[in-house]
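Here's a structure for you.
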Amino acid sequence: MKVVEGLKYSKDHEWVKVEGGIATIGVSDFAQQQLTDVVFVELPEKGKQAEQGKTMGVIESVKSVSDVFAPVSGEIIEVNTKLSDSPELINNDPYGEGWIAKVKIKDKAELDSLLGHEEYAKTCESH
Amino acid sequence: MKLIFEKSVAGRKAIEFDTEVPLVNGILDEGMRRTKLGLPEVSEIDVIRHYTALSRRNFCVDNGFYPLGSCTMKYNPKINEDMSRLSGFNMLHPLNLDNQGALQLMHELSSDLCEITGLSAFTLQPAAGAHGELTGLMIIRKYFSGKNRTKIVTPDSSHGTNPASATMCGFTTVTIKSNSHGLVDLEELKANLDPSVAAVMLTIPNTLGLFEKDILEISKIVHDNGSLLYMDGANMNALLGIARPGDMGVDVMHINLHKTFATPHGCGGPGAGPVGVKEFLKDYLPNPGIDLDGGVYGFIDHPKSIGKVRAFYGNFGVMVKAYTYIKSIGGSGLREVTENAVLNANYMKEMLKKDFDLAHDTVCKHEFVLSDTGMPNGVTTNDIAKRLLDYGYHPPTIYFPLIVHGAIMIEPNETESKDTMDEFISVMKKIKQEAVSDPDLVKSAPNTTVVKKLDAVKAAREPVLKFVL
Amino acid sequence: MNFIPSTEAEKKLLLKEIGIGSVNGLFKDIPQSVLVKELEISKPLTEMQVKDKLTSMSMKNNVCFKSFLGAGSYNHFIPSVVNHIVSRSEFYTAYTPYQPEISQGILQAIFEYQSMICSLTGQDVTNASMYDGASAMAEACIMASSISRKKEIVILKSVHPDYLKVVKTYCDAYSLDVKEVDEVEFSSETAAVVVQSPDFFGRIHDCSKVKEKVGDVLLVWGVVEPTSLFILKEPSLADIVVGEGHSFGNAMNFGGPYLGIMATKDRYKRLLPGRIVGQTVDTDGKTGYILTLQAREQHIRREKACSNICSNEALCALAATVYLSYLGKSGENLGDVCLQKAHYLYSKLLSKGFSPVFDAPFYNEFVVKVDNAKVVLDKLKQKGFILGVLLEKYYPEMKDCVLVCATEMNSKEDIDAMVGSL
């Protein structure tokens, strides 16, 4: 199981990469393993407001469904439309091509509530 | 196997109809007519051969043991089928008023269900168990209208239809954890009851096959809170003639005629999910009800009715089969059904618990749940299920309830003999041995079926949902 | 007869293995106070007795009338082939095809059913069937609300009254507003407009015209007499097509089991309730069929599922599949026979002094008016004919109006005899 350094993580297994006020969001390697083969991703709508801790999308595998919870609040400025045709990108490259959405961060303080990579790795081990 | 469309030959025909009356042209404007009808062109023998061949690619109760937990795959007596096909029943138009036989049958079936469950009134309208749940919850919703009771409490062992039905009635679902015995945790229940709870939904016995021994206390706690007790009757085969939900404090319940009352499952339907209620909820039942007045049966409307949940009166053809079954086995037979169903389940549980991890080692009712904990060489529940196919069995229900790891839920039912159960038990033991000695054989199963393991991921990622002409 | 094979001796063996003395020991976890002594249910009957009992009950229903009843249940010819196939116990005694390797028979048949329904309705995807047409219509309203995130359902009053009641019941529970209207209308709050065609009075509506009018508002199209689809233009412009499919090879059965048809556009497939069969391959690359897109359903999504529906009416769908295969292109022939006979009957009734009520094209059902309609119907019944349904019961303003239907089952001879006896 891979946990990438330099990213922030939520307890719900989303990762956040912060670059100049923009947060790129995806789900962790641990999450994609738990989900098994992803067959469909319900993407958030561009232009809508994401709210920390609230559902922003849905990931379906054959036998399960998981909500994607927004790790930070803000306007959704871009979504990864490639996932519509290639949901397997989440399995193949969760931290890269499998990213889900980009959010314009509303309140940087929210990032403090997220976990660092070491802390997150520990949470996964306890599962 | 080819699709019927791929067997189509232009110009081939199986049937014709005679217009008889003088033809009038131009009744419909050309723009109103369709230009092509995408149906196959085949002969009668093509149709018969095709669907007979398909039937041979289907496992069924009539060709083998079907220990599918919570589904009660009992034998479907043939007389029931014949009775439902009597022309006086199956040729009867729902608006034909010369219907006294049909109404009598429905009225008597309702009365028998009342007697069996200890409830006061039944509607036969719901077409399935989940449809019954929906109807029952609609009744509860209407009963509490304006009272701000918006929540349904249900244990984590419940059927997925329970929370889904609650959502369709605008309720939110609160899931409570079962205790270490697999039963409702009274403290957890109390902690989750407040004036916003409309009802607690329980399956009795629950999906682990266990009876809620604290049912009377549960019922008291629920009622003291001003809430109602709903029972999912999917597992009623464990209670016939033994104990009645109404006597336990259940206010509303549904029954699955296709489980408990031996009507066939038909590859997934039609079933029927009658709903029974206590006297104080009678006025909320769907319309129409059936009444006997001065020796004549007739339809009546309930004053506070929720309305209707389907057209006409319900799956009448299924009711005929269930009624025939009840009349065949009688009151004494109902009790024998449950006694034998529970006896068989406990026997299989005892015989299998030495080789498989038993989720809860206690007396069960009509079914019990094993887990894949401790299976050697990474053999999973799914592998065991698929290997059972190679031995000619339908596997038990798997991965349900969700609270048991790799659940294997076994329900033998009363219509199976000791010989049949012993053969199945020995095959299960053999699979356990194979898991030790030749795990790849188990993991690669099935190998004897007409198709091998199907690619479910491909099916969902690139859905092909119809034949394209 | 109780259909239990175990002998007393065998039961003793089982008890011994379990390690208890009597069956009562298996029920000790049930509180004593609720144990039942004896159920007041009649004594068991032999197979012969039960057959006699049911046969005489069935004979208390009179099915010998020459009937012109329609109104949501249609008397069509069921070719022998259909019952021979659905009576195969491989089909009727099987469960839901959750184990695809040993259920290819029904899975492939349902895939064929889906293909036929898509073709008949002009839609992209359909499920494996719903409980009946009315509940399918109600589910379509909820689905439309999920798609549009709006809460108002506009439904034409010409929809079958039972269907209207079911829609209202479901929508009430789901907190959607139902607005009954005479003519198509909508607002910015409208989730869907619901139209039935042919409607309850038999009138054919033009799907493309209605869709043009409602624009982006979702159009739910109801088809209660599906044999009309054999000759009428498919409602491909509708967003969701629902209907009653019992006319396809399923008997009238006093109103059920019937077959709920539900089809929609490809873009809405993940919000379609119910089971869906998809084509895939096995580990050897061989084509096979499997239940798919299951993440929509209650057993996975629980409270967030599209619907609580779990089962379908698989055997009825199988009957429909066999029926539609058997009819093939002769479906058009059947549709025309119904159309011609209904119009023949209509003109005969007009010639006997009945008056027309609507001036709209119809398929096999129509409304006529006659003075003292109830008396006329009662007299006909004494002569062995049921002319139709008195509409006053449903619509008080439609006094003396009768809804009449003709299908291929009404011979010219019967039509002439009925009209002759007026």
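Letters A, B and C name the chains as they come in the text, with residue numbers starting at 1 for each one.
One rule holds in what follows: a residue touches a chain if its C-beta (ideal position, glycine included) is under 8 Å from a C-beta of that chain, and two chains touch if they have at least 3 such contacts.
Quick caveat, the model's predicted, so the values are computed rather than measured.
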- [ ] Work out per-chain C-alpha centres and flag the one nearest the whole-protein C-alpha centre.
- [x] B
Open item on the list: So, comparing C-alpha centroids, which chain is the farthest one from chain C?
Closed with: A
Task: Interface ranked first by C-beta contact pairs - done: B-C
Task: Gap in Å, rounded to a whole number, between the CA centres of chain C and chain B - done: 19
Open item on the list: Counting only Cα atoms for the centres, state how far chain A is from chain C in Å.
Closed with: 44
TODO: Could you grab the centroid distance between chain A and chain B? Build each centroid from C-alpha atoms only and quote it in angstrom.
DONE: 38
Task: Multi-partner residues of chain A (at least 2 other chains) - done: 39-40, 60, 62-63
Task: Touching two or more other chains - residue numbers and ranges from chain B - done: 456, 460
Open item on the list: Can you pull out the residues of chain C that are in contact with at least two other chains?
Closed with: 294-295, 300-301, 304
- [ ] Name, in rising order, each residue of chain A that touches chain C in their complex.
- [x] 39-40, 42, 60-65
Open item on the list: Which stretch or stretches of chain B touch chain A in the complex?
Closed with: 399, 456-457, 460-461
Open item on the list: Help me check something: in the complex, which residues belonging to chain C touch chain A?
Closed with: 270, 294-295, 300-301, 304
